[in-house]
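Right, one structure below, let's go through it.
Naming follows writing order (A, B and C), and every chain is counted from residue 1.
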Amino acid sequence: MRKLQFMKIDILRAGGNKWLFLLFPLLAGFILLYEKEAQPLFAVLYSMFGAIIFSSTPFCLERRSNCGFLGMLPAKNGEQIAGHYLFSLLLTIYDLTAALLVITVSRIFRPISFPDTTLFLLIVGFVLLVIGIQNMVLSLVPAESSTNMLTLIRMVPGFAFYYCALSLANAVKKNPSFFSDIMKLITLPNCIIFFAVSLLLFFVLMEVSCRAAARRDAA
Amino acid sequence: MNLLEVKDITKQYKNFTLDHISFSIPAGYIMGYIGQNGAGKTTTLNIITQLIHAASGTVSIDGLSLDEDPIAYRDKIGYIGDSSYYPEELTLRQIKGILKDFYPSFQPEVFDQYQKKWNLPDQKKIKEFSRGMKVKLMFASVLSRDTRLLVLDEATNGLDPVMRKEILTLLQEYISDGKRSVLFSTHILEDLEQIADYIFFIEKGKKVLCDSKDELLESYLLVKGGPEDLTEPLKHSLIGLEVNSFGFEALLSSRDTIVPSKGLLTARPSIDQILLHMILERKR
Amino acid sequence: MKIIISNQSELPIYAQIKEQIKEQILNGQLADGTVLPSIRGLAKELSVSVITTSRAYSDLEAEGFIATAQGRGSIVLSRNNDILREQYLKRIEEGLNTAIRTAGLIDLPREELHTMVDMLWKTQ
């Protein structure tokens, strides 16, 4: 319950940025409309790139001075971090919804279809894993480290994810047999399982970060 | 049972060590925590409010220590510092919402009364609040909850005398049921002069004295005289001697049997005169 | 009840409070059975520490002027009680000693002093 309340606080603090969080989906929208070769999956990828980067916002806000109030709230030490995870989840859903809306709007003007469910689940599952690990790393960074270090850690996962996705797409284009091998694996049931496992792992990572923080502060 | 029990806390920093500090405050009383800048006041208070961890020692409030139940412990303390600890981008209304979510004993009606009394704006961001308004908000949040210990760290710095008097009255109101206590660290010693029951004086991380304020004030006499009055036997008994070209000023223990000669002026010292001369004495 | 505290006084604050209350009891301004403000209430009103008013009250109790019941506050004791009587007798002695010493200064004979006492007693 307190974890949800901490998530609420993160929403209050980062809420001023809610239009900024739509930046990537909107950009994706433009590209969908004007770029002939654009795929709908691209909108999803672009949105998720944004979600990964912006889900680190609560961790950065934590490091500002003037947060003693939050540290003094009667809660266990890791619960604030759990709140950050829940915020990331919410942000991911927010960006996904935006991406789907953008695709829907684009369909009025261009003959594009909704993304394949299989690939969709695959990407979202993967993103959840990336965010989970990113959050875990961010929670372990000590409070005194420089903001430059923090910025670096924030930027890496998002770009890495995007780069990987693009490289994979290119590799697939160049090497169709490689593609068909992989495609055999990417069936709907497998992807559903993958997504479910990723979501589970996300919550596991959340609990682990939570406990680690609690034990660390008690030391 | 004492409301606040601090036993043997230590903390090591690069250039500073908090060395086995112990004291206690019975329920219903106010303790002033005084010392120079850097003496260890804020470190001690931060350990009590658990913003930082002590290397050793224990702190308990109403018999409960933080390790036993961090949530209940934090609920018992109300902390007010000299700078605002609220995230600057939030508004008062949002902070009220957070207080309601996290503190079971929070009473919104009481909070509203304070807000109305002090004219605190509902929708403005904290970063637009003046210093006085920020302090008032901290008090409003803390007083709208059920707490056992109020910890003030230089909370009255930079406030006008009217506001300071209002706060002193609030503190006395807080202890009036005899069940709650206040730990008040401040440089504005005249505030403590009035309402403090006990005084703890810390210097360079070590305890110098811990006494009831009345006894402290009665233990010393302030002595002033001309240069010719500074006889050798007198000099020996004087504490924290301060000399200028026209005379001297120092403390004399009340138990001292030295009879001050006619030319000397003796008076009851104030807390900061005692503090000053004791520090001077330790510097020798 | 009237209490004024001076920061410039030689007397410590608890003593000032004690003396002023004592004075008002002896003068009859504080009648027998008057309930005094609580220790904490008084401290708050006067803006002094609780220990200070506690001490004033416990001294007054030791000297027989008031009685404190736990949870029910303090009341002014009847001026006929024994300990108080002692105080009054002391006061009378002090007054008489002053009169006797002053009489000695002008060589007033003892019988004249007695006559003066009788005359003044009748006018009171």
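Quick notes on this structure:
The criterion applied here is as follows: a residue touches a chain if its C-beta (ideal position, glycine included) is under 8 Å from a C-beta of that chain, and two chains touch if they have at least 3 such contacts.
Just so it is clear, the model here is predicted, and its values are computed rather than measured.
The minimum number of touch steps linking chain A to chain C comes to 2.
Comparing chain pairs B-C and A-B, the larger number of C-beta contacts belongs to A-B.
Every chain gets a centre from its CA atoms, and the centre nearest the mean of all protein CA atoms is that of B. Farthest chain from chain B, judged by C-alpha centroids: A.
Separating the CA-averaged centres of chain A and chain C is a span of 80 Å. Measuring from the averaged C-alpha position of chain B to that of chain C gives a distance of 36 Å.
Here the CA centre of chain A is 47 Å from the CA centre of chain B. Chain B has no residue in contact with two or more other chains. Chain B contributes residues 28-30, 168-169, 172-173, 175-176, 178, 194-198, 212-214, 217-218, 268 to its touches with chain C in the complex.
Across the interface of their complex, chain B is touched by residues 10, 12-14, 40-41, 43-44, 47-52, 55 of chain C. Residue ranges on chain A touching chain B, taken from their complex, read 2, 5, 8-9, 12-13, 16, 61, 64, 66-77, 217-219.
Looking at the complex, you find that chain B touches chain A at residues 49-51, 53, 67, 70-75, 77, 79, 81, 83-90, 94-95, 97-98, 101-103.
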